[in-house]
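Each of the next two complexes has subunit A plus one more chain, namely subunit B in the first and subunit C in the second.
Then we have the complex of A and B:
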């Protein structure tokens, strides 16, 4: 029961932060709300018993990716960013029913899936030797090839980011106007 | 571990995912669009980990780790593209990038 109350606390925190991410106009406030939401989601992971994913969420998301976003925000031309409206307001109002319909579809699909959910085979092992150990042993045996593929994707992404972000000799003017 | 119902995780995940999709639609600044995308990815992670805690598996946590790694790659490449757009075209709003309009 205490665990459920903590889960509700972190969930409310995450949802309030997500509303802040969507509604605030200044990008600095948006990145702070996003950081708050990531920390709340890490708390949800801890209450679910996934301490390894929660710790990596804090380390990778809430530190590395958030700092990266802050670095990029320093490259924004601010005088232009604050001059225009930060939201597409009419488009948002018009798309809200479609987003609600997507919610409804996901509710139906999830509740159908809950009925068909299989029984766990690692529950005794998790209770005996701990969650992180079971995650590591399954990750490095059954999903080892996928792990290596993810590392290759990280390498390719790094090379691509360096190639895209390098300085070019000429600039391209907008010839469509 | 069974005190939290699976539906609670899914409801939180759906609300976060819907807010992320709404942010993708209504945001004008390119960087805040990417932040909304991170919100949607986090919502999927919540669903994976919640289903894991309910079913006593660890596959969802492993895929959550993969999603975190791919989100890092996506942030690196996407923000590189956005910086390139800033630098060469001097636009930062999503409705000013109209090069591929027919």
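Then we have the complex of A and C:
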């Protein structure tokens, strides 16, 4: 009962923040709403008893990822941030079908996931060996291949970043001499 | 039903005690810092207000509260004030997972001196600890001024770099303990008769470096660098609003991270350790109070060590700081993880 009330609180909080993310025009406020939404989702995970996922949500999304948005946006001058109109009207309209398609895919994946979810399968194991241990053992046995593929994707991204950010081997000509 | 109310009452009492201790001690640590700094530089420090300046923090607090509340023109008032909340709340929340001592019984009711013994405590510490970066970024942006913006960008860069290093550094002790709960980490150190600092010296050094960087202590205080940035992201704040930032950064965060450092590396509330042999307790005469005194002593020692560094060392440059983080600290931490995960299963 208490758990359900807290769940309702966090979900309402998450929905309100998500609405805030799409309705506010000032990018800094959008980031604050996004942060609030991520924290609310972490709260939902905690009420559901998934402490590890909740803590990772907090550590990876709320801190490690959202902080880069802040990092970029703090460089946005004050006058530009409060500007109302957007330059990307036509682009927005053009990309709408694709966005709808993506949302449709999300719904399909979600429904498939509901059917495939191992309801109550891990409850015993969690009670016996604990939250983090169960996630680890499932990740490194059943989903090991998918896990490794994801890490290869991350590695590719990292190599790309290093390539873009590396120093040029040849320096530009010095005009001042 | 009755037990729910007792649980709620216990949690409420714990929150009150922790908040009072955190904020009260935080305020008085300003006096400790000024005294230590003064004696390092062969000055007496505050002497006038009260015996050896003992009432100085109260006088300072009064002065800060009664100051005029200035606000920069064209700043963003909402974000300017939100930054204060975002600085104070996550930093004090970290105390929720700091275990102060072993379990004890009051009227047949078992109480753990930790607010919530959640089984991912360590992850929460770093999650909440680095939420501080939002406060600083917002403070810098909302002030609509050059110095705060530069300061907050520097600080964000430092926190991002060292967040990675500190997370990898604590992996070593976590592998040895086999748990993420702060209470269990101390328990397993007592059971293994080993402070993890003896077998994880690299991790400890990386942790201390990251602690200094995250809390913006010298040698990593480039975000406020008085000589070039005036005081960095706090330039446009006045009165008690200005006071909150150093209080949070320099005292509350240092205190929490020192406490977590004690939990991870120095055996929490356990007495002096002889590796693999046992514990020697010169404070045995204190009886059941001795674990708390030990915990307090260790945290105080770490805090004084940090003060000592602060008033001894010069400041790093920003490029040196990030270079140390990515080229020295991170590889060291990774090396430590590899060695630990190879050796630890062979022994335990």
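Simple rule for what comes next: the second predicted complex is superposed on the first by the 114 of 177 C-alpha atoms of A that agree within 3 Å, B and C clash if a C-alpha of one lies under 4 Å from a C-alpha of the other, contacts with A are read in each partner's own complex, and residues count from 1 in each chain.
Rule of thumb we're sticking to: contacts are C-beta pairs under 8 Å (C-beta built on N, C-alpha and C of every residue); 3 or more make two chains touch, one makes a residue touch a chain.
In this text, all values refer to a predicted model and were calculated from it rather than measured experimentally.
In the superposition on chain A, A:64 makes contact with both subunit B and subunit C.
More subunit A residues lie in contact with B than with the other chain of the pair subunit B and subunit C. Within the superposed three-chain model, A:161 lies in touch with subunit B and out of touch with subunit C [touch as defined at top]. In the overlay built on the shared chain, the residue A:131 is in contact with subunit B and with subunit C.
Using the contact criterion defined above for the overlaid structures, shared-chain residue A:56 touches subunit B and also reaches subunit C. Touch criterion met: A:44 reaches subunit B, while subunit C stays clear of it.
In the superposition on chain A, A:106 makes contact with subunit B only, not with subunit C. The residues of subunit A shared by its contacts with subunit B and with subunit C are 52, 56, 64, 68, 73, 75, 131. In the complex of the two chains, the subunit A residues touching subunit C come out as 28, 32, 35, 51-52, 54-56, 58-59, 62-64, 67-68, 70-71, 73-75, 78, 130-132.
Within the complex formed with subunit A, the residues of subunit B that make contact are 1, 3-4, 6-10, 12, 14-23, 25-29, 31-32, 34-36, 38-39, 42, 45-47, 49-59, 61-62, 64-66, 68-77, 79-84, 86-93, 95, 98-99, 101.
Listed in rising order, the residues of subunit A touching subunit B in the complex are 1, 3-4, 7-8, 11, 14-15, 18-19, 21-22, 27, 30-31, 34, 37-38, 41, 44-45, 47-50, 52-53, 56-57, 60-61, 64-65, 68-69, 72-73, 75-77, 80-81, 84-89, 91-92, 95-96, 99-100, 102-103, 106-107, 110-111, 114, 117-123, 126, 131, 134-135, 138-139, 143, 146, 150, 153-154, 156-158, 160-162, 164-165, 167-168, 171-172, 174, 176.
Contact residues of subunit C toward subunit A in the complex are 74, 76, 79, 82, 118-120, 123-124, 126-128, 130-131, 133-134, 137-138, 140-141, 144, 149, 152-153, 156-157, 159-160, 163, 167, 179-180.
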